[in-house]
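Structures for review follow.
Paired with subunit B in one complex and with subunit C in the other, subunit A is shared by the two complexes that follow.
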Partner chain A sequence: MGNNQDSSIIYLRGLHKCYWVGTMPFPALHGLDLDIAPGEFAVVAGRSGSGKSTLLNIVGALESADSGRVEVLGQDILGMNSEQRTRFRLHNIGFVFQAYNLIRVFTARENVAYVCQLQGKSRKESMEIANHWLHEVEIGHLGYRRPDQLSGGQQQRVAVARALASNPKLILADEPTANLDSMTGRHLIRLMHELNHRFGTTFLISSHDPDVKQAAGRLIKLADGQIVESWEEVPEPPQSLSASCPANHLPLGERVRNYIKTRKQSRARKRRGGNQRRS
Partner chain B sequence: MDSSEGLSPITYLHLASRNLVRNRRRTLITLLTMIFGIATLTLLSALNDGWLSQMKTNFILSYTGHLQIHATGFEASQNLSDRIQEPEEVSKLMQSYPEIVGWTQRIRTSGLASVGGSSAGVQVMATDPEQETWVTSMDQRVTSGTWLRPGISHDLILGYTVAQNLGAELGDRVILMVQRLNGEMVSDVFFLRGILETGAPQIDRSLALVSLNSAQQWLQMGDSVTDIVIRADIHEHTDDLYRLFTQQLSEHKYEIMPWQELDPMVRQWLEFSDAYGFVILLVVIILVIIEILNTMLIALHERQKELGVIVAIGTTRIRIFLMLLLEAVMLIFIGAILGYLAGSLLVYSLADTGINLTRFANAFEFFYMDPVIHPQLTQDSAVKILSATLIAALLAGLYPAWRATHLSLSQALRIQ
Partner chain C sequence: MNQSTSTVINTILTVALRNLLAHRRRTFLTIGAIAVGLASLIFLWGFNEGLHRNMLGNFQDAIIGSIQIHHQGFFQHPELSKAIANPQKVVEALRQADVSRYSMRLESFGLAASDITTQGVMLIGMDPLREGEVTQLGKRIGIGRFLAPEDEYTLILGATTANNLQVKLGDEVIIIGYDRFGAMLAESFTLIGIITSGEMGLDKGMAITTLATLQEMVDMTDRITTVVISSEEKRVPSLTAELEAALQGDELEVMPWYSMFPVMKEWVTLHNGFLYLFLGVVLFIVLAGELNTMLISMLERTREFGVLMAIGTTGYQIAGILLVEAVVIGIVGILSGILLGYVIVLFSSNYGIDLSILLGSTSRFYVDPLIYPHLKLDHLGITSGVILIASIFAGLYPAWRASMLQPVEAIRNG
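The block that comes next holds the complex of A and B.
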């Protein structure tokens, strides 16, 4: 066990995974090694079938591997049982998938609030948090709509808001822009990039979208279940954003609490104002 | 599971109900199927109950009453030596139970009737002409002639078939021969006053009815009788009265028999009708289970990807299980209630006029049946139908819910 392990949020060594359909093997990953540091904005690229989804699913404790070491946030997730993995995902990882991310019968806000409720927060508090994150992804005004009343890009934003609402260290996004037109996709990626900078949440995104690759702080190229190339960019925070948002240096939980507090205050002010007018 | 984590039941209810509303057409079709099935079930069991209750009434009123008290052993021996020697001991109890609307004393023994040259074996039954009318409707079943006249000693009423076999006509002299207690054979002349037609062949074929007083003298039995026959106000009080009498009367001296035990045929019919009801219930419930299974499995298939995401973001498998189970249970619950209501409406609309089976009446006539059946809702059948449907719901909901917990994430999440 190297030192890397301590500083890495994702630590993979000799990862092997093979799917079996009957007696036919479908190899997906061959001895993959990877380290991702906290705060990275990493993109996994590669052709269809190269193993991108498999990699993300294993890191996200959704699937198991055949052999190798997988440590995420310092925890050995291959050793966990199904119940432990579920709890691990709930508290540590946010997910954004390619499409159909949302519960169809819930509104955008209920979708985001759902994970908070799973985490044990009250319905009311969950709704407040959901409102906050929907504002953060710039669709605060659409919280009452159900997924089929939202565009593809808006739906993906709801998914991002949900991923963030559980306050995770790591967000895994499997081809989040694949079903969007390039313009909408670019906006979504820019949004995720901003969130990465502001909150320090680590992003691991799979994509073969050139726009996404361009935004990558680090590009990991996969071919036939192996990393063929991996380059890193020195991350530079976008000046405009950090300058305009002084609150960005606060930790995440603090910021949510602030948001709820200010909302409550403004509502109370409104109520008091109303009373005065009446009396 | 950590108790601090959880979804409120409201969230579960929202999910289940909105998923049902979302697939409006499918939910509606499933509901309609269920409503049809359960309404049919309700109607059929109401018909069964109505038919049974009519049969019971006819049976009880035509001959046996609700409850009979004999001297111990009489029902098996049919022998006059097994008689009630102090009927007073029993009859003094009759006043204390308001559930008793009438009671009478009888003597039953077998004998021979002859008219002119022909003779036939008969069941001689002696009863009090007035008291009997409180217990059974035999007096109303006299199709020609009149009922026994109180105080007149040599009146005789014959069952329709016996009279036919003997070629006896009203006013004819009929010689009855019976055996006294001491074994001596005696005969006497009676006058045919009426002919009785109950519809029950075993009665019409053998009954020879005379008045109790004349029989007691003739047979030299003093005050003793063989049967004390009781009619309750409603069928359901039979068991209560049975219990009361068994408490009050010594079991060495008396045997107390409710109506079901007095005729093995009736008992068989009741059992048959129970079995028939059970088969119908089973068929409908199986249909309901298949329908719900089908609906839920389709829903599961459609929602694989969604369920995959729900599990991925941290929903435990037990919660997934409960979510889907709740959906099935809700569906069945609504279907069962609406179905039962629809069935009840049907029953109420048919209850007064009844369903007329006169066309098939020949087939029914032989057994205390009326050609018009009035369906009847009973609490028993309501409980049976609703609880069976709920159990079906659980059974039908369990499998899809269990399947949902065994969803392959790697496959579900790759569905595009």
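The block that comes next holds the complex of A and C.
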């Protein structure tokens, strides 16, 4: 393993992937190279069919590639068998899907605790971890509801909490805001961004939502299975004006007002959380 | 490791049980189908067993008893020359085996003659005091009475024979027989009873008198040809073996009822065979029904399984979820089926099931019109076990299919 690989959480070289439907080839990825450093908040953008999902699925050890190198957390995941991949996903990667995809028969809390229990943690410990993450995604008070009793935005927050609960280094989110209205989607992205800053978890998000692209610490543009543009923002410290309020196109006065609003909200949140714990 | 394994197993169990409860109607319909199938099988087994017990009991009670002991070859060719050499030894063997219900007979071929005609008969000399220990022949005397100890040269005939001879109670019947050297003998008897059982084997071909009378007639005082034993059905095979061992080397044959009349045993086996066939049909229905439920449940959750696999659930664990669901459905179905079946059998064995409505007359087959179902544990065990195995199989295929799911495809298409 080279030095450059050691410093990357995702290291892709010459990645090729082609789907076959009968004898018809559907090329998805076309010699893709990519490095993602730990702690990045990266967004993959591109037209429909450009290969965003395919990329995320390969990085997430859900699909194999035809050729190329794929190293995630320094491990060659193309060389793993299906059992090893499952273990790898369980311990290293959190997933957020487009359609929330929670377990219907479990409460929000149980959904989040599920991965911890799969990891072998006791039920009690798992539930505590779940409570913690539900508070972090600001729905600590909804832990006892089942998915069908939650709004789409709330369900997606549960999904984010579930993705974080296994304590992964990397979270992959394939179009996490596509099923949400733009306001809710923006809140979700802001939440993920905040979590990225606070916990240093690497995020790789696919989206064609402009709000998501706005928030990107780094924007990777795909077209026809290749990276056509990779724009990177200098990582900024958490709680700074620019990081907490990513709506860069707004005039400064509005950005400051938004920033102050977020600070207030987060203070209020902390107080609420504290009160709840006490009562 | 152990602790974490049990956490994982608990989690899998929870997913499975929650899913069963989330689809209560479907779950309980499937459980209900299994329960009704099993309960009807249990009832049929019980009815069948009750019928067989009744039939075999009546058959043995009628005249042949459970086990007979004769001189070697007597059953095939009954001749007075094949009398039991040492009856005392047989009595001793019976005492050793703790058998108290037995009776002695002297049996031989003969002719019954009236003024009109002659009929070939089996001459049977019975001990009027002890016969009641082994058979219920006395109850089948429809006209007249059974033998009494002080009777001399009294005779009982079957209805058909009496009819053919055109004799009635009190009439004289001449019995012609042979002594053990083959010399012909004849005596005059008085008809005191007529067997009206409706059974061909009883109503025709027998002439019954007291043991003492027949012994005197053929000049074989204190000699017998046959010892008839009554035993619990369960004990018949072991008792046969026990007596055979005790009487080894005495030129005796120890014959259980099913060796003397194998057709009866075959009839029971055949009848049980039909029940196994029925078991197969119920099994198939249960299997198809539960398989259908499990497949629907599996297909419905394809996406969910894909997600579970994506976030770190293994194929084995997914298979485990479905298998647990299938087995829980099976076990709950079996338990309720046993309960339901048991209640039905208990209820019907209390009141009996009246066959006369269905069959009119049943006496022809040694069957009473009222049947009391009886549940045998091994039947219950076989049936429940087989249905449990069926329910496991109903879970295996969906479980295997679910475990082979590819997460990406399952999430996209589910």
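Assume the second predicted complex is superposed on the first by the 235 of 279 C-alpha atoms of A that agree within 3 Å, B and C clash if a C-alpha of one lies under 4 Å from a C-alpha of the other, contacts with A are read in each partner's own complex, and residues count from 1 in each chain.
The rule we apply is simple: a contact is a pair of C-beta atoms (placed from the backbone, for glycine too) under 8 Å apart; a residue touches a chain by one contact, two chains touch by 3 or more.
What you are looking at is a predicted structure, and each value in this text was computed from that prediction instead of being measured.
After the match on subunit A, would you call subunit B and subunit C a fit or a clash?
clash
Give one of first, second, both or neither to describe whether A:Leu29 is in contact with subunit B, with subunit C, with both, or with none.
neither
Mind working out whether A:Val96 is in touch with subunit B, subunit C, both or neither, as first, second, both or neither?
Neither: A:Val96 stays clear of subunit B and subunit C.
Contacts for A:Leu150 in the overlay, against subunit B (first) and subunit C (second): which applies, first, second, both or neither?
neither
Looking at A:Tyr19, would you say it contacts subunit B, subunit C, both, or neither? Reply first, second, both or neither.
The answer is first: A:Tyr19 touches subunit B but not subunit C.
State whether A:Leu170 touches subunit B only (first), subunit C only (second), both chains, or neither.
Touch status of A:Leu170: no partner.
Which residues would you name on subunit A as touching subunit B in one complex and subunit C in the other?
On subunit A, the overlap between the subunit B and subunit C contacts is residues 57, 60, 62-63, 82-83, 86-87, 89-91, 94-95, 97, 101, 103-106, 110, 114-115, 117-120, 123, 162, 166.
Write out the stretch or stretches of subunit B touching subunit A in their complex.
So the residues of subunit B touching subunit A come out as 1-2, 4-8, 10-11, 14-15, 18-19, 21-22, 305-306, 309-317, 409-410, 413-416.
What residues of subunit C sit close enough to touch subunit A in their complex?
It comes out as residues 3-5, 7-8, 10-11, 14-15, 18-19, 21-22, 303-304, 307-315, 317, 407-408, 411.
Applying the document's contact rule, which stretches of subunit A touch subunit C when the two form their complex?
On the subunit A side, the touching residues are 57, 60, 62-63, 82-83, 86-87, 89-91, 94-95, 97, 101, 103-106, 110, 114-115, 117-123, 126, 162-163, 166.
What residues on subunit A touch subunit B, complex-wise?
19, 53-54, 57, 60, 62-63, 82-83, 86-87, 89-91, 94-95, 97-106, 110, 114-115, 117-120, 123, 162, 166, 174
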